[in-house]
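Below, each structure is written out as C-alpha cells.
Look at the two complexes coming up: subunit A is in both, with subunit B in one and subunit C in the other.
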Partner chain A sequence: MSDTTAHQMPLSRRILPIVMLSPAVLVTLAIVFIPMVQALWMSFHDYVLFRPNNFDWVGLKNYITAVNDPVFWTSLRQTAIWIAITVPAQMLLGLVTALLLNQTFPWRGLARALVIIPWALPSVVIALMWVWIYDSNYGVLNDLLLRLDLIKSSIPWLADPDTALYAIILTLTWQGFPFFAVMILAGLQSIPSSYYEAASIDGASPLRQFLHITLPGLSGVLMTATLLRVIWVANSIDVIYVMTGGGPGYSSYTLPLYAFVEARTGLNYGYGSALAVCFTIMLLGFVVLYLRRAGKNIT
Partner chain B sequence: MMVRNQSKVRRVLTVDLPMALILLFTLSPYIWMALTSVTQESKLFTEGPSIVGATLENYTRLFSTIGFGANLLDSFIVAGGTVVFGLGLSVPAAYAFSRFRFKGRRLLMLQFLLINMFPLVLLILPLFILMKTLGLVDTYIALIIANSTVAIPFSVWMMKSYMDGIPRSLDEAAMTDGCTRFGSMYRVVLPLCVPGIIATGVYIFITAWNEYLYALTLGGRQVKPITVAIQTLIGEYQVEWGLLTSGGIVGAMPATLLFLLIQKRLIAGMTQGAVKG
Partner chain C sequence: MNKRKTTIALATALATSMSMASTVQAETVNFWYHFDNADNPMSTLVDKFEKENPGITINAENVPWNSYYDQLYTSIVASTGPDVALVKLNAQPRLIEMGALEPLDAWLDAWDGTSEIQDNLLELTSAADGSQYYLPVQYVALYLYYRADMFAELELTPPTTCDEFRDAAMALTRDTDGDGQMDVYGFGFRGGKGGHDHWASLTLAREGVGFGAGELTSEGGVAGTQFVLDLFQKDKVFPPSAPNDGFKEVIGAFQNGTTAMTIHHIGSSAGMVEALGDKVSAVPVPECGGGHWTAFGDESTAVFSAAQDKEAAWKWASFLSSAGNNAEFNKATGQLPVTKSDSASWDTHEQRFVDATVNSLPFAQLLPNTTETADFTNTVWPIAMQRALIGEISAADMNAEIDALYND
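Up next is the complex of A and B:
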C-alpha cells in the first residue's frame, strides 16, 4: 500500500526539489568542481603561461620536482608551525574572552559588539595596518617597546627572517580569536545553569566547576571550531601575501602561498597546481573529520 | 555594604579589567590606523600620529587625486552582484533541502559544505585560466562568479537552517487552503524568511567586499575593487601611510557598519551549526 502511494506521489512533488536544486548544483559544478578537476589535470602537465601552446603531459614530474624542492619542505614545515601556533592561540584567547563575556557586567553588550570588529575587516586592511604597526622606523610597536626599555634598538619585525613568520602569526591570532570567542560563548550559554547550581551546593570550587562542567560542556563546540579554524587558517594566504609576500627569502612561505606565488609571479601553472593539489590532499584529513561531524547533524 | 563593595572590586579586577585589556588589544590597531589617517603626512614622521591638528587632507586626496570613488563603485557592483546571484540560487535550494526529503539529499548537502573547505588556491589557478579562455578577465562577471564559489554554499546552509525554524504546519495550512506548493513557498515561507535572507545577503556582501585574492587575480585596470586599490597605494620607494590608512578606514567602513547592524542574527546563524555539534 505504502509503495503505491509513494508512486502516486504527485509529479510536482517529485520534480519540484530537483527543479529548485539544479541551478545551485549545476552552477557549483561548473565554477567549483570542474575547475578543480582542471587543476588536477594541469598538475600533470608542463604549463607555463608565457608558453601557452606548450601543454605537455609529463605525468608525475611536477610532484617529483616538489619532493626534491627544498622550498617545498620549508613551506610545509612553516605551514605546520603556522597552524600549530595560530589555532591554539586563537582558541585560548577566544576561550578567555568568551568566559569573560559570559559574566554579568554593565557594559557587556558593548564589549560583545566591539570584540568582533577584527572579523569584519578586510584582510588587506588588517595586513597593511599591522605592517604599519611593525614598521621598523616609525612603527608604534618598536616605539612602545623602546620606551618601556624592553628592547635596545628597533627590530625590523617583518624584514628579519627569524621574526617575520611569528609577527604574521600574531596578526592572524588577532584576526581570528573573535570567531572562537563567539562560538564558545554560544556554547557556554547552552550549558544549563542548574549544573552549576548543583555543583556549588555540593561545594565544588570554581576551578572544579570549570574542569568538570564547563570544559566537557564545550568539548563539542571546541572540536568543531578548531577543525573549522585549522582548515581556514591553513588556507588563508591573503594576510601573508600582503604583509611579506612570503619573504624575506622564503621565511614566511606556507604551502598554499608557495603554490599561489609560483603561478602568479612565476606563471608556472603546472607546478603551482601540483603544489596546490599536494596541499589539498594533506588538508583532506581535517576536512573529512569536519564533514563527519557536520554530517551527523543533518536532519 | 562592605561586602557588596568588596564583591564589586573583585568583579572589576576579575572581569572588567581583563575584558578592557582584551578590547584594548582588539581595538588599538584600528584606532592607531584611524589616528594615522587624520595626521598630516609631513608631521607623521616627525611627531607621529596624533589627534592634535587633525586633518581630512588624506581623505580628500584619496578621492580627488587617486580616484577612490571608482574603486568603491567597483566593489559595490561586485559585492551587490554576488548577493543577487548567490541568493537567487541558494534560496530555492535551501527551500528544497528544508522542505523535501529525497534521495541523495544528505550527499548534496555535504557537497555544499565541502566546497567551503577547499583551498582557495586550488580554485584560483584554474578559474584564472577559465576566465582567460572565456575572455572574462577584468570584468565584473568574473569577480561575481569567483565570489559566488564562496557565497553559494554558505548561504545554502545558512538559509536552510533559517527555514528549518519556520514550522512546516504553516505551509501545510496554506496548501489545505488551496495554495499550490509553489504558492505556499512564495506567499508564506518567503515572507517569513525575509530577516534570514537579509542576514545572509549582508554576510555575502561583507565577504565579497572584503575579498582580495580573486580581485587581485581576476580584476585589472577596468575592474579594481577597493581591496586591490588600497594595496596598490604602497608606492615603489616609499609608503604614504596617511593615504594608505585613510584608504583602509574607507575600505573597512561599509562592511563594519553592516556587520554591527545585523550582528545578532548573523552570529546566531553562524554558531547554530557548531553548538549542535
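Up next is the complex of A and C:
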C-alpha cells in the first residue's frame, strides 16, 4: 500500500483496524507483557514468597547464582535433548502420517479425525495414561516386552534416571505428532497435482517426486510448524510435571520446569524469575525467526 | 421523565444487589481441605453448620494434596487464600512469618469446647511465640502395616528392630510364581514427596540423630540413611519404582500384594481392610540403632488474618473440633478425633490399628517447628532422597544437604 493511497483513505477506515485489534492487544498486554516485565523486575530482586515484605534489589545476583548452579546446567542440557529429539521425532511421524492420510483409501475421513485425538486430549490425561503404561508393576509396556522376551525383568522407566527423560519424550512425541500431520496434510493438498503428472510423464520415480516436488512444496509449512513446535515444546512442562515432577532427582528437569519448581514449590520467585528470563532470552532466537517468517507471509 | 424514573430504578436495583452481594460475600467462609477419599461427606457437615448458623455460607474446596501448600502460600500472597484451612504444624512457622494467621487465644478462652480437646494437643500445636494459631481437628501416628498372611506363610514375626525388619523384608521379597520376576517386595518405600516419614523412622530413631547441627552428618545419622539406601540398592527389597513412588503408588502396591510392608497411618486402614481383610495388620515401626521414632501426624484448622468475617470463620473452625462434629469429620478422613468424648466412644477403626497407633504415641514426634521444615518436606528431602536412591549422591551427601538446610 503506497503512502498516497493511505492519505486518501477516510480517517474512520484508517482507525478501524486499530479499534478492532485493540481488545486483543490490550488483553495480550495485560496477561502476557505485564507479567513478563514483572518477571524481569522480580529477577533483579531477592523475593521469597513467604517473606512478602522483603523485596531487596540484588542486581544480577540471581543470574550469577544461575551460572554457578549445577542444576541450571543439567536442566539446560536436558532442555536441549528434550527439544532436539522431540521436535524432529514429531515432525517425522507427522510427515509419515500425513503422506498416508493423503492417499485415497476407505474411511479416510475417519482416520483423519482419529489421528487428531492425542493432540486433542488434555496433557494431564495423557501424562497419567502414560504413567500407567510405563508402570513397572502393572504397566502394559513392560508386560509386552516381557512377553516378547525383549527384557528379562521389568524396567522402572520413570524411576530410572537413564530412561525417565526419554520415556517422557516418547509421550510428548505421541501427543504432538498430529499437529505436524495436520499442518503437512494441508501443505500436501496445496501442491498442484499437475506437478506430479508432469513428473511421472518425464519418468520420475515416486522417491524422486517426493524429493523434488513434495519436500520443496512443504518446506514453508515444515519450517513454520517446526519453529512453532520448538517454542511450544521448549516451554511445555505439564507432561513432565505430572509424570515425574522432574525426578528422579534432577533426571527429567528442563529449564522451564526448574524455574516453575523454584518459584511455585520453593517459593523463590526472584531466582525462579531469573531462570525463566534466561530461558526466554535463549528462545528469543527462534521467536525472531518465526516472527520474520510470519511477517514475510503477511507482506 | 419515564426515562429518568427507569434510570433511578435501575441504579437503586444495582446498588441493592451490590450491597446484597457484599453482605453475602462477608458471610461466606472459604474453607480449604484435602481428602483422599473421593466420596467425602463434607457436604453433610456443611449443611448441618449452615442450618445451625443461618446467614453463614461455607464454601468448602477439596484441594489436591500434592499441591496443597504450593497453592496455599501463593494464594495468600495473591489475596485469594481461604478464610479457614486444614494445616499441618510444619507449615506454621512459615505461615506466621507471612503474617497469614489470626491468633485464636481470645476465642479459645471464651469457647466451651476448649476443655473438650484432648490433653496436650493444644500445647503441642502452640506457636513458638506462645500464641495459639491452630485448633487441632484430627491426629494420627504412623505405624508399620504388614501382610499377616505372608508373615504366617514364612513363619516370620512382625519386626521390632531394624535388623529384624531387614531380615523380614529380604525373606518377603520373592518370585512367587516362578517366572523369574520378583512379584512381591518386602517394603513399599515412598521415595517421592511426602516420603520423609519413612526415611525418618529408619534414620532419626538412632541415638543422637536429629536435625541439630552435625547430628545427621554424624556416624549414626549417615548409617541411618545408608541403611535405607542398602535396602534399595543391595537388598533390593523396595519395588524398582520406589524413587518416584508417592502415596497412591505405595498404598496401591500394598493393597494389591506387590509389597508386604509399608508405613502409613490409621487413615488408610479402612481401605486396607476393604482390599485385604484379615490379611493386613499393623505394629509400631521398628526400633533402629537404639531408639524409636515415628511421625506424629497432626492436622488443625487455622483462621487466616485476611478472612473477611473472622467471627464466622472461627465458628466454622470450632464447629469442626466440637464433640460429635469432630467424630463425623474423622469418619470421613479415617483419622482420630481430638475431642475427649468422641475419643471415648470411637469405634470406627479395627482395634488392631487403634492399638498400633496408641502403642506408637509414646515415641511419636513432630518435625522441627521452624521455617526450614517446609523446604525440607517440599523440595530438599524429595530431591536428595531420589538422587541418593539412584546413586547420584551418597548417604553422607544427602544428610549434609539436610544438615545445611537446618543449620547453615
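Miscellaneous remarks
One rule holds in what follows: the second predicted complex is superposed on the first by the 274 of 299 C-alpha atoms of A that agree within 3 Å, B and C clash if a C-alpha of one lies under 4 Å from a C-alpha of the other, contacts with A are read in each partner's own complex, and residues count from 1 in each chain.
The definition used in the following text is that contacts are C-beta pairs under 8 Å (C-beta built on N, C-alpha and C of every residue); 3 or more make two chains touch, one makes a residue touch a chain.
These numbers come from a predicted model, not from an experiment.
Which of subunit B and subunit C touches more residues of subunit A: that partner is B. When the shared chain is aligned, no partner comes close enough to touch A:Leu60: not subunit B, not subunit C. Of the two partner chains placed by superposition, only subunit C is touched by A:Lys152; subunit B is not. Residue contacts after overlaying the shared chain place A:Ile15 against neither subunit B nor subunit C. Judged by the touch definition given at the top, the superposed model places A:Arg293 against subunit B, while subunit C stays out of reach. Within the superposed three-chain model, A:Val115 lies in touch with subunit B and out of touch with subunit C [touch as defined at top].
Of the two partner chains placed around the shared chain by superposition, neither subunit B nor subunit C is touched by A:Leu215. By the touch criterion defined above, A:Ala198 lies against neither subunit B nor subunit C after alignment on the C-alpha atoms of chain A.
In the superposition on chain A, A:Ala84 contacts neither subunit B nor subunit C.
After overlaying the two complexes on the shared chain, residue contacts for A:Asp238 are found with subunit B alone; subunit C is out of touch. With the contact threshold set out at the top, residues 135, 137, 264 of subunit A are in contact with subunit B in one structure and with subunit C in the other.
Those residues of subunit B that touch subunit A in the shared complex are 11, 15-16, 18-19, 22-23, 25-27, 29-30, 32-33, 36, 44-45, 48, 88-90, 92-93, 95-97, 100, 102, 106, 108-115, 117-130, 145-146, 148-149, 152-153, 156, 164, 180-182, 206, 209-213, 217, 226-228, 230-231, 234, 241, 244-245, 248, 251-252, 255-256, 259-260, 263, 267, 270-271, 273-277. Chain contact summary for the complex, subunit A toward subunit C: residues 49-52, 135-137, 146, 152-156, 158-161, 244-245, 247-251, 261, 264-267.
Residues of subunit C that touch subunit A in their complex: 70, 73-74, 77, 94, 97-98, 180-182, 191-193, 239-245, 253, 256, 258, 371, 374-375, 378-379, 382-383, 386-387, 389-390, 392. On subunit A, the positions that touch subunit B within their shared complex are 12-14, 16-18, 20-21, 23-25, 27-28, 31-32, 35-36, 38-39, 42, 93, 96-97, 100-101, 103, 105, 107, 111, 113-125, 128-130, 132-133, 135, 137-138, 140, 143, 174, 178, 182-183, 186-187, 190, 220-221, 223-225, 228, 231, 234-235, 237-238, 241-242, 256-257, 259-260, 263-264, 269, 272-273, 276-277, 279-280, 283, 287, 290-291, 293-299.
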